[in-house]
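The chains carry the letters A, B, C and D, assigned in the order they are written, with residues numbered from 1 in each.
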Amino acid sequence: MIPVNYYLTLSVVLFSMGALGVLIRRNSLVVFMSIELMLNAGNLAFVTFAKMHAANLAAVHNGQIFVFFVMTVAAAEVAVGLALIVLIFRKKQSIDLDQLTHLKG
Amino acid sequence: MNFLLEPLNLVTFFPLLGVLVLLFIKSEAKNTIRWVALGTALVNFGISLWALSMFNSSNPDLQLASQYSWIQVAGWNIQYYLAVDGLSILLVLLTTFLTPIAILSTWTAIEDRVKDFMVFFLMLEVGMLGVFLAQDLFLFYIFWEFTLIPMYFLIGIWGGPNRLYAAVKFFLYTMAGSILMLLAILWLGVNQGTFSVPELVLKGGIPADVQLWLFIAFAAAFAIKVPMWPLHSWLPDAHVEAPTAGSVILAGVLLKMGTYGFLRFNLQLFPEAAVKAAPTIAVLAVIGILYGAAVSYSQKDVKKLVAYSSVSHLGFVMLGMFALNAQGIEGAILQMINHGLSTGALFLMVGMIYEQTHTREIAVYGGLWKITPIYGSLMLIVALSSMGLPGLNGFVGEFTILLGAFGSKAFGTPIYAILSAIGVILAAIYILYMFQKMFLGPVGKIVEEVKHHGHELRDLNAREIITLLPLLVFIFWIGLYPAPFFNLIAPAVDKLLIPFRAILGG
Amino acid sequence: MENTQLFFNFVPWIVFFPVLGLLLNLTIGKKLSENGIGAIAVLASASAFVVAVLQAYSLSIHPEGASILVAEWIHVGDLAIDWTFRVDTLSVTMMLVVSGVGTLIHIYAIGYMHEDVRFHNDEGRFKRFFVFLNLFIAMMMVLVSGDSYMMLFVGWEGVGLCSFLLIGFWYDFDTLGRPSFANSNAAKKAFITNRIGDFGFLLAAFMMFWQFKSTNFDNVFAVVANAEPWVILWITIFILVGVAGKSAQIPLYIWLPDAMAGPTPVSALIHAATMVTAGVYLVTRSAPIFMLSHDAQYIVATVGALTAIFAATIAVGQYDIKKVLAYSTISQLGFMVAAVGMGAFAAGMFHLITHAFFKALLFLSAGSVILGMERGHHHLAHHGHHGGKHDEEVFDPGDMRNMGGLRKQMPVTFWLYMVGTVALAGLFPFAGFWSKDEILADAFLEFPHVYWILTGAAFLTAFYMGRQVWMVFFGKPRHEVAAHAEESPLIMTAPLMVLAALSVFGGALNLPGVHTLTVWLEHTIDIHPGEFNMQVALISTALALFAIFLSWLLYMRKPLTTGQPDPLKRILGFAFTGMENKWFVDEAYKFVFIDRYTDLAKFFAQTVDWDFWHEWFHNSVIAAGFVGLTKFLANPIDLGIVDNISKILARSIQYSSENFRKVQNGFVRSYALSVMLGVVAIIGYLLIK
Amino acid sequence: MTQIDFYTIMPISVLVLCASLLLLLEAFYPKGKQKQIAFFAAFGFALTLGLSISQLGNSYSGFGGMVVLDGFSNFLNILFLITGLLGVALASGYLQRMNINKGEYYVLMMFSVAGMMLMSQATDLIITFLALELLSIPLYVLAAFALNRTESEEAGIKYFLLGSYATGFIVFGIALIFGATATTSFAGIVAAIAQPATNLTLLLVGGGLVLVGFGFKVATVPFHMWTPDVYQGAPTSVTAFMAAGAKAAGFSALLRIFATLFPSFAADLMPILAVLSALTMIVGNITAIAQTDIKRMLGYSSIAQAGYILMAFVPFGDPAIRATAVAAGLFYLVAYTITSFGSWGVVIGLEREEGKGLDINDYAGLGKKYPWLALAMTVFMFSLAGLPPTLGLVGKFYLFRAIMEGKLYWLALIGVITSLISAYYYLRVIVIMYFKNGDPIINKDNLLYMSIALCVVITVVLSFMPSFLFSWASNAMLTMF
């Protein structure tokens, strides 16, 4: 059996990758994927903790339900996000975030 | 209705009625607007006299109180609390007295947006009266900040060429000080559990080290307003740019808000700190007196000269106040009135000639006494009043102040009084310089220039004389027989001095 | 001292009458003729004189005097100053002098100003003159009749104001009638110098209040004996500063010569007879204080004596007829101050009175001379003898070098002038002799050094007066104008005759052995009649005669001629070849003393006093220094540093604002980075804690 | 679902129902009659507002304690709904002028308001999260609503990406909290904190991440950087709505979470909050000075204002004063909401197509030409700067008082100094309006001007009688603690 800490470590690593990915990538799709990665790292942490608190049934449910909610919400975000990215692409023929610097100062 | 019929409420808010009426008058009916504004201000002066008639001068306490609980939540008790005592009654009268005079002075000087001007002016009167009457710190703060707004517009819209700079500078300087005061007010409200000034005075018991901080916070607001050296740099700008009526009110009343604030709050609420701060204030006051006088002397612009002289004059007021004895404080209060009258009159008169010549440069004048004898004679009287000639009002104030400062236990040394007395000499120098260069000597080139533009430099007309006459009456009255004025002040000052007698002995 | 018997209650009218006069002239003066205006003013002044006489009469019956309260003035805390009139022998003496001499000068001025306004082409100013003159009388009365130092101070500054107004009466001209700021400069100088003195006065008053809890004379004097010596010393020194300002003592005398810019009646009334003696009155009034400190007496007496001699030396080198008199006034004031300083109050007051008579007489006569010259000038210009020439060059009617031989043109004025001169020179039995001698006698006993200095001054006095008389009235006219000078009308000469009579007989006021004045003043001040000192009297008389002789020697024996500033040398040289030792002595005298002394006097007058002290020091060092300092304060410091602090603050905020803006570069990555940094900071803080 | 459960979410349900109906209606509605959609939306808001008001004083707890309806949430719900109503009033004319008049706008707004309401009612982190997303996702769309303008798209994508980024932190934070306490319900977490076995560090770090997430929503420094860009790029009516509603909702969540969950960590969190608040006031106000675009300036101003509101939460750990402190925060929130709405309303009044009329200098001469509108703007500027006679002054007074009670003098000092700095740029607007000459053009939009007038009246009148609002706010807090 793999110890719980490994999952948690993985989750933290994933989260950090996501958080850093947002910082270093320019492609808006990839940035968006990094954010999804962060959300999913959260999910992983949730199920891990649910497993950790296995003695407490309510906690198990709680954690797992949360994951479902997050996934649903992420899906909604994808819908909105992709729509926006597509719009941008149509207008600029590019989804490079660094070209979106009209607003500044 | 009862609320409005209480004398202090009536005197404070009556100008708003005038504002209301003005709003329904067409902007083009300039003369109607002027008459309505003047009428309002005059009636308000009458109301203030009515209030005076009900004022018991032998009673040292707050009187004619209009006290209602206003904002009362979560243990915070903010009151609507107007009342008057000997410390403020004269300033209230000064305000209601100067406002109609200032309005009268705008008769031909302000032609642009007359209605707006009058609305702002009357609102300014409300704010100033509120400042002098409010006995709740929160209410006071509101009125205090409120006076900024109309004055800001008066300078900003009707001011001279550099008016934007002046208006913003005026606003920011004043606000910078008052915002520290807000903190101190809050501290008091939080730790003393009330905002009511008399209650705070009764309660006392603020630790000495905290008192000092609070004192500084309040002093910051007031010192800028006064203005004390070296915080005076906004003053010449504001004065030079402001329209005449604005300068009159600014010098006559607004600056007194600062000195009054010291009196009402710094002295009453923080007596220990006041004693501790007295020498420091005295040093600043003395520097202000000498510096102001020196700088006045080298001004080329007569309005600036008068403006700088305010720094010097108000230095006397501060010196007297922090002498912390009866002579000093009563003299300071009277000097506030005196400065309002004589500097107000000086600004009015500068405005009167400016209206004709459109220049304030001293060098182009000269020999005016010959051409405009009435103007010259009245200017002479006002100038002498300003430099403290005995028999005129300025002397009574200056003398009592210097006398108080000379023997002040708070200062512990007569050196401040001695140095300040040098200011009396310097005052003669700059005032006489101004008078000589403008009114004596050969006729200046401006007379030709005015002629060149098809006008003739005329002497004061009836309206202008009527504008000045009330001021002159008081200049003589206070100079020769100040007893009625001192009688109004004295009991309240005696009461104010009780803690200081305890601290300083005697 | 509440005493309402007899006429004491009338005493406030001594102020009210002149005020009434000036108000009448202010209101209805426009409709009146010059004579009407003058009549009102004279009447006002004369009424004051009548009141003064009534007071004197009352006092002769009730010598203890009275205090009449009119109104309360400044009552603050334990400070109580009232408008209270004090009637005692001292104040009434002053009232009589002021209103008496004042009324005479008022009458004279009607005639004088009638012509003066016409010379200046501004007839509208006639009324103004009399308004100011009445105001002066009122203020002077306040000064002498006040019951406290502070009421005295009201008059003290009030007369300063009148002095300012009247010196600058022709404010748009210089003394020669050219458009200029000169006269107004002189007026300003007088006011400001006086203010310096007032500064001292104020400090004295403050000190008195805090030491004695009152500025009322009686209250102060009642407790002053208990005060510590340093208090007394400081009070007296501060008073001395005030006296120096008002009575033109070293080092504040410099305004008085300039003050001659005013019309001559003003010079006579204010700058000779009355106002300038206020300092003497003040010291006399403060006698109980001064008598407590020998040091103070020493200082005051010395200052007075030094002033007396210094001014006298200057007077010798003057050419302007009024300037000579002005320096003479300073010198005589020095006498008075020295007298009251050493405790000879009666002598000081005595000299004050006699000096008022003869110096007013001299000034008014000088005015008459100047007007006479003006008339001559006018006459010449009018009749076109040398019209073009006279219109171009500026003619100075006051310059003695332009005069000469005027006794023929103006005989009345000449005799009047002579009376004044002799009185001033202190020749027996004229008024000046008695009063001056009393001072010298007292000094001889009290402060020998003062005595010697004063004697020296007396000598010089006689000398310069002699010089003046010779130069003005004797010899031949040195200018056409002088040849055409005309005598003044009766309205001017009549008052002068009265003054002349007073100058002759004024000495009777305090004759040795009788001591009328001393006895009279004894009711008020603690004084005792001094002894007549024959030795002193002989010495001074001798010196005066000697001085006159010297002046005669220099200026009369061979009168000056036109265009010769220093004709003596030639004359003396001429005599030297014709005579033997005598002339050698003369030349030696001239070389060792007279030339040296003339040079020295010139040097003092021109270089030290005028160029250095007057022009350079006051204009360059003090005035220019002050201007420079104020300019410096106004520009770099006020607009620069003080204002810049706020500007720098504002700029730095603006600057950081711009930098904050640059951070906001529009890149999503940097925005996210900012979030990330925040996260790291927060989590780091939480973990480290 | 019990009756109580229903009562608890009744206003939300009604609003969501209205929104859904409107969505349907919009699909079948003839083009060009969109104005009526606005009317229906307003009706929906008004109906919900009525319901909320009728629930005043009631207190319910539903869905096993996941959602509550108490004084606090009622107070805020009413504020949100008023925001919604004003948002509709501001938008209806604006959308037409900008040619983006689509019915979905109002639907999205209604959903977003529903999210806000849910946020204030949530007492379980799951619900908080859901509410946050319900509030945010429609706003992402709204920000990009002006499809024809690149700025709007840029604003949308920036807001979306950064918003999601923040969500990531919130999710992970919640996970950590859950890991430490084995529950997401507020009551459970409070109970778990008392247990010795609970890993407090984990909990605290989780709390920190949640703070970051909401700090982003309310735009505190350094999580604020999206704000000016989005406020500038989004359609102004959306900006107004965001600046008022979304910010208020973020604060309601912060308040609820920190006041109920973490009072025992006050000592740890207080410095963080204080520093955030100080930074926000400083950076917001100072950066605003350099702005020339009015929307951007108001954006920075709103950042700064968030700093002031946040200040009220700093002493949340002190039981003696937190009620009044937080009440002061709520009061200021109301004051800010009204004022900010008003000022954005004025901006809308002057904005023309292609982003014209948005430069500060376009306001020159307003005082002369349209004195009433200028007066309104003056009142709003004074209120934001904290000058009498406006609600802003009273609000600041309460705020600073609370801070003084908490003995945070340094923070109060920063507060007043930055207020002074802020006066500079607020005044500049007034200077330009009154003291400079120009010829401004304003749009015809009666509804807009009526809303502005309403805001002016509230701002001024309430300043004279603030007691009732304040006692309401403090009562709302009392039910929470």
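We take it that a residue touches a chain if its C-beta (ideal position, glycine included) is under 8 Å from a C-beta of that chain, and two chains touch if they have at least 3 such contacts.
A quick note: this is a predicted structure, and the numbers were derived from the prediction, not measured.
The interface with the greater number of C-beta contacts, when A-C is set against B-D, is B-D. Put simply, the chain closest to the centre of the protein, by Cα centroids, is B. For this pair, chain A with chain C, the centres built from the Cα atoms lie 99 Å apart. Rounded to whole angstrom units, the spacing between the C-alpha centres of chain B and chain D is 43.
Centroids built from CA atoms put chain B at 66 Å from chain A. Once the centre of each chain is set as its mean CA position, chain A and chain D turn out to be 26 Å apart. Counting partners per residue, chain C has 661, 664, 666, 668, 672, 679 as the residues that reach two or more other chains. Counting partner chains per residue, chain B has no residue touching two or more of them. Shown for chain D are the residues that touch two or more other chains, namely 157-158, 161, 165, 169, 228-229, 290. Put simply, chain A touches chain D in their complex at residues 8, 11, 15, 18-19, 22, 28, 31-32, 35, 38-39, 41-43, 45-46, 48-50, 52-53, 56, 58-59, 62-63, 65-66, 69-70, 73, 76-77, 80-81, 84-85, 87-88, 91, 97, 100, 102-105. Listed in rising order, the residues of chain D touching chain A in the complex are 125-126, 129-130, 133, 137, 140-141, 144, 147, 150-151, 153-158, 160-161, 164-165, 167-169, 171-172, 174-176, 178-179, 182-184, 228-230, 232-233, 290-291, 296. Chain contact summary for the complex, chain C toward chain A: residues 661, 664-669, 672-673, 676, 679. Across the complex, chain B is touched by residues 323-324, 327, 368, 371, 382, 387-389, 393-394, 396-397, 400-401, 404-405, 409, 412-413, 416-417, 419-420, 423-424, 427, 431, 434-435, 465-467, 470-471, 474 of chain D. Partner chain D is touched in their complex by these residues of chain B: 70-76, 113, 116, 138, 141-143, 145-146, 148-149, 152-153, 156-157, 163-164, 167-168, 171-172, 175-176, 179-180, 182-183, 186-187, 189-190.
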